[in-house]
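Following this line, the structures themselves.
Two complexes come next, and they have one chain in common, chain A, joined by chain B in the first and chain C in the second.
Showing the complex of A and B:
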């Protein structure tokens, strides 16, 4: 008998893009080490801050501009973060990788728009720049484009909670669901998607939004002879603590961006992301 | 590494070669995706195909063995499957027994059940997408139109999917939200075609397809299918009203079909998608428990 958990373990998300905490830390730091030493080179810390900022604020603003569904935003952030597990922002500037991720995520999630429509509305972005990077992006993703997110399990929990929890009325549960939904989409910026399953993330989001409802629901429907509620709760709490990330301040971002521009200028790169694919 | 020995087909977004895996000498199909020919970058069809095949691993779904890049093109390495169900259906020298048809339907249902369990709609099931391995295994191919199931009924979906003859009535009437029931309909129609050996509902245009469907199976009424009158194309086709066929009429048309076979087919092509069986239910149908048992895959008829 193949269980749903077995199915998830066969997904590319689990096989290729799920890690332990240590593995993830190593992956995030590695691209920075591959860049030749330079006095203006960004530190791992600075790179991560910049990536976080782009993943959170910039993806959101581009997605809002084109009224793209939250599923596309979640997938775009996931693609963006995966790209920078292989390359440094000093190799490919996030300014161009970001719209490429949104454009490609829109295709992968059935929300296609033409490249001209897309670029016409974005300042300083040429169709050729994005189309050149699209292939590199897909290759860097190891040709996997399925991003499972917590929205599907959340929807299941939401339906289930309406029958299990009689202490909360439907309006309350709707509001819990809506808040948890936006939390799940925002959580793609954090590391949880590389460390936990979509179901665990959905539960952690419910816990963050309304601890009482989540705890009651879990106690009533997930405790049994074959499951350990305590163990599950510990796991969910671990996930919850990493769900929301602190974004760098505007000043910090400005400082890092400036440094990155000077790095590009000084190393003689003609501009962001015009360099050819690295061969190794 | 792989060799590309012979070009066997060319579509809008790919060229297919027969080749071999160098280490094992295994025969494979290499599908080379055209990368630089499209104004909007990588083709959606190609992205979907790769995206879904990467996730689907099942004995009744074509296996993606590898993806590699050569000369800036994406190459998909797929298992080599020399024939398909359409070739067999058209080959009048091959006789199908009830047990053979049961075996093929079972494999189709298992493959589609796996897709639906993974929240994937295939949206283009038809006999020539049912490929046959040399050992008789049936493998569902071509995920170029596939998509994830909608999360909520509010997500708008395009109704212009599935090859016309296998297109469910809700799609023909322009539904903007639909479920795995569209794939079940296609399988029901393929099942009918296995029995008839000719396409069951073969319309020449989309409009004619809906007419033929209603003529064969009855015009659905809002009292039988709640909300059907709200579908965009319903009004145009609601008159003249065709009566549903009687059991006797169906028995005459499908003269060799057992009662259990007819029951299962009818449950797969119920007009109202909510009442149509799911793949889980279809797999539990009496048809699969009744004698004769499905033919073993290695003993299934092959193209002459």
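Showing the complex of A and C:
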């Protein structure tokens, strides 16, 4: 029998973009090693801080500017992080990759807008810059544009909790749902998207918001002959610990950004957009 | 249509003078002329075609109205009709499909040679046809007979299907009416029973039971009619089975999907995202809240069991 879990295992998200913690750490560190040594070169930690900041704050502000739904935000962040698993910020500057990711994610999530509308509203972006990078981005993503996030599963759990948990009244469940939703939206930048499945992320968020309700719900609906509640609980616990991300402070980011622009000036590369595409 | 199309090239009379004018052609040479010319020239007996330089002998009986504007097409259709009547072997007379296809190809080749080929090709093809006709005279007649029988049989089949459908419809209407009558009668019986002095609960129960029994009988009758086998196609049974297998829609994993879920979908939820689900514009496309909710529930439980950390650790490193 082909179960739904098997179907998930056939998804590109599982096959290409799900990793163990060690694999993920290796992937994040690798692009940095490909850059030739330089006195102003960024360390892996600095790179990650910068990527995190761009993924969290910049994507958010661009998405808010165009009133894009959180689905697009999740996908854009995912694209952005996946891109920097293959390339270093010292090869392609995030300030150009980021709008490309948002523009492409809007297309992937059926919230299309024309490139001119998009660029007119963003300072210092030319349509040609974004369109030139778009294919590189898609290639780097290995042509996988579908990103499953925790929001749909959360909606499902919200519905199912109404039938399973009769001790909680519905308005309370609504508030739990809303808090969990904002938690999931904030966790789009975290590593859990690559380490755990959307279902587990949704449950971890519920756990974080109201541990009592979530545990009770899981005990009542997921304890069966074919499922092991204990195993699930340890899984969710592991996910929950990495759910909330500490974003770098403004000062830190400023320092790293300055260092990066000095690096670009010093190495004489004229800008990320004119750089030749690496073939691999 | 230009003037040339509306004027008979033989007698020069035009449609303007004679609105009922009809043009006829003869498959011998396909030269067009009006009906009155045909009557005038060919009533006496066979005569040469009046077109200058044609000279073919034509008979009145073979003149016909032109169906296609393009004479090439008209000609090919005529040739095809003639050839197919002679080369009429049926598919089941061949051992393999490939052989049948070869046969069909041969027919097409002949038709093409006669309709569009050069004079020599045409001559050769005609000769082959007449040879074949001589050799297979008996077979040709038999095949034609069998084809006719099959056509009649198919017609009967269609008629009997339609009749069955009609009977079912009538029965359904009757069933509906009788159910309505039963409901009325049940009410009447209840009142009568009450008058006879039974307690109300008892009376109502008895009447209801009687009504249910009768409704059940009716329904059984209907279902019997529904399941009555129609005249099955026996001779073409194998072919029909083959065709129906080809028509079965594609199902992913041959339908071998998960049937049991950890959740049970309720009829209604408090769901702020579905506020617009009842608007006609949304419903028109076939959207229902229940479907979307089922999808969300399935997605919720979809990847529950998938433990990336252990599964990917044993897999080949990326």
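Everything below uses one rule, namely that the second predicted complex is superposed on the first by the 277 of 280 C-alpha atoms of A that agree within 3 Å, B and C clash if a C-alpha of one lies under 4 Å from a C-alpha of the other, contacts with A are read in each partner's own complex, and residues count from 1 in each chain.
Keep in mind that, in the parts below, contacts are C-beta pairs under 8 Å (C-beta built on N, C-alpha and C of every residue); 3 or more make two chains touch, one makes a residue touch a chain.
This structure is a prediction, so every number in the text was calculated from the model and none was measured.
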- Query: Given the superposition on chain A, are chain B and chain C in a clash or a fit?
  - Reply: clash
- First (chain B), second (chain C), both or neither: which does A:45 touch? neither
- Task: May I ask you to decide whether A:249 touches chain B, chain C, both, or neither, giving the answer as first, second, both or neither?
- Result: neither
- Now for A:241: first (chain B), second (chain C), both, or neither, which partner does it touch? neither
- Task: Please work out whether A:155 is in contact with chain B alone, chain C alone, both, or neither, and reply first, second, both or neither.
- Result: both
- Once the shared chain is lined up, is A:65 touching chain B (first), chain C (second), both, or neither of them? neither
- Task: Could you say whether A:170 touches chain B, chain C, both of them, or neither, answering first, second, both or neither?
- Result: second
- Message: For A:128, using the defined touch cut-off, is the partner it touches chain B, chain C, both, or neither? Pick first, second, both or neither.
- Response: neither
- Report for A:12: first if it touches chain B alone, second if chain C alone, otherwise both or neither. first
- Query: chain B or chain C: which reaches more residues on chain A?
  - Reply: C
- Item | Clash-bearing segment of chain B, relative to chain C, as chosen among 93-101, 201-209 or 237-245 | 93-101
- In the superposed arrangement, what residues of chain A touch both chain B and chain C? 4, 7, 152, 155
- Message: Residue numbers of chain B touching chain A in their complex, please.
- Response: 35, 39-42, 44, 47, 50-52, 54-55, 57, 67, 69, 72, 74, 117-119, 147-148, 151-152, 155, 157
- Item | Complex interface listing, chain A residues touching chain C | 1-5, 7-9, 14, 18-21, 23, 27, 148, 152-157, 159-160, 162-163, 170, 173-174, 195-200, 202-203, 221-222, 224, 227, 231-232, 235, 238
- Query: Touching chain B in the complex: which residues of chain A?
  - Reply: 4, 7, 10-12, 69, 71, 103-104, 107-110, 112, 114-115, 130-131, 134-135, 138-139, 142-146, 151-152, 155
- Task: Name, in rising order, each residue of chain C that touches chain A in their complex.
- Result: 253, 256-258, 262-264, 266, 269-273, 293, 295-309, 312-313, 317-318
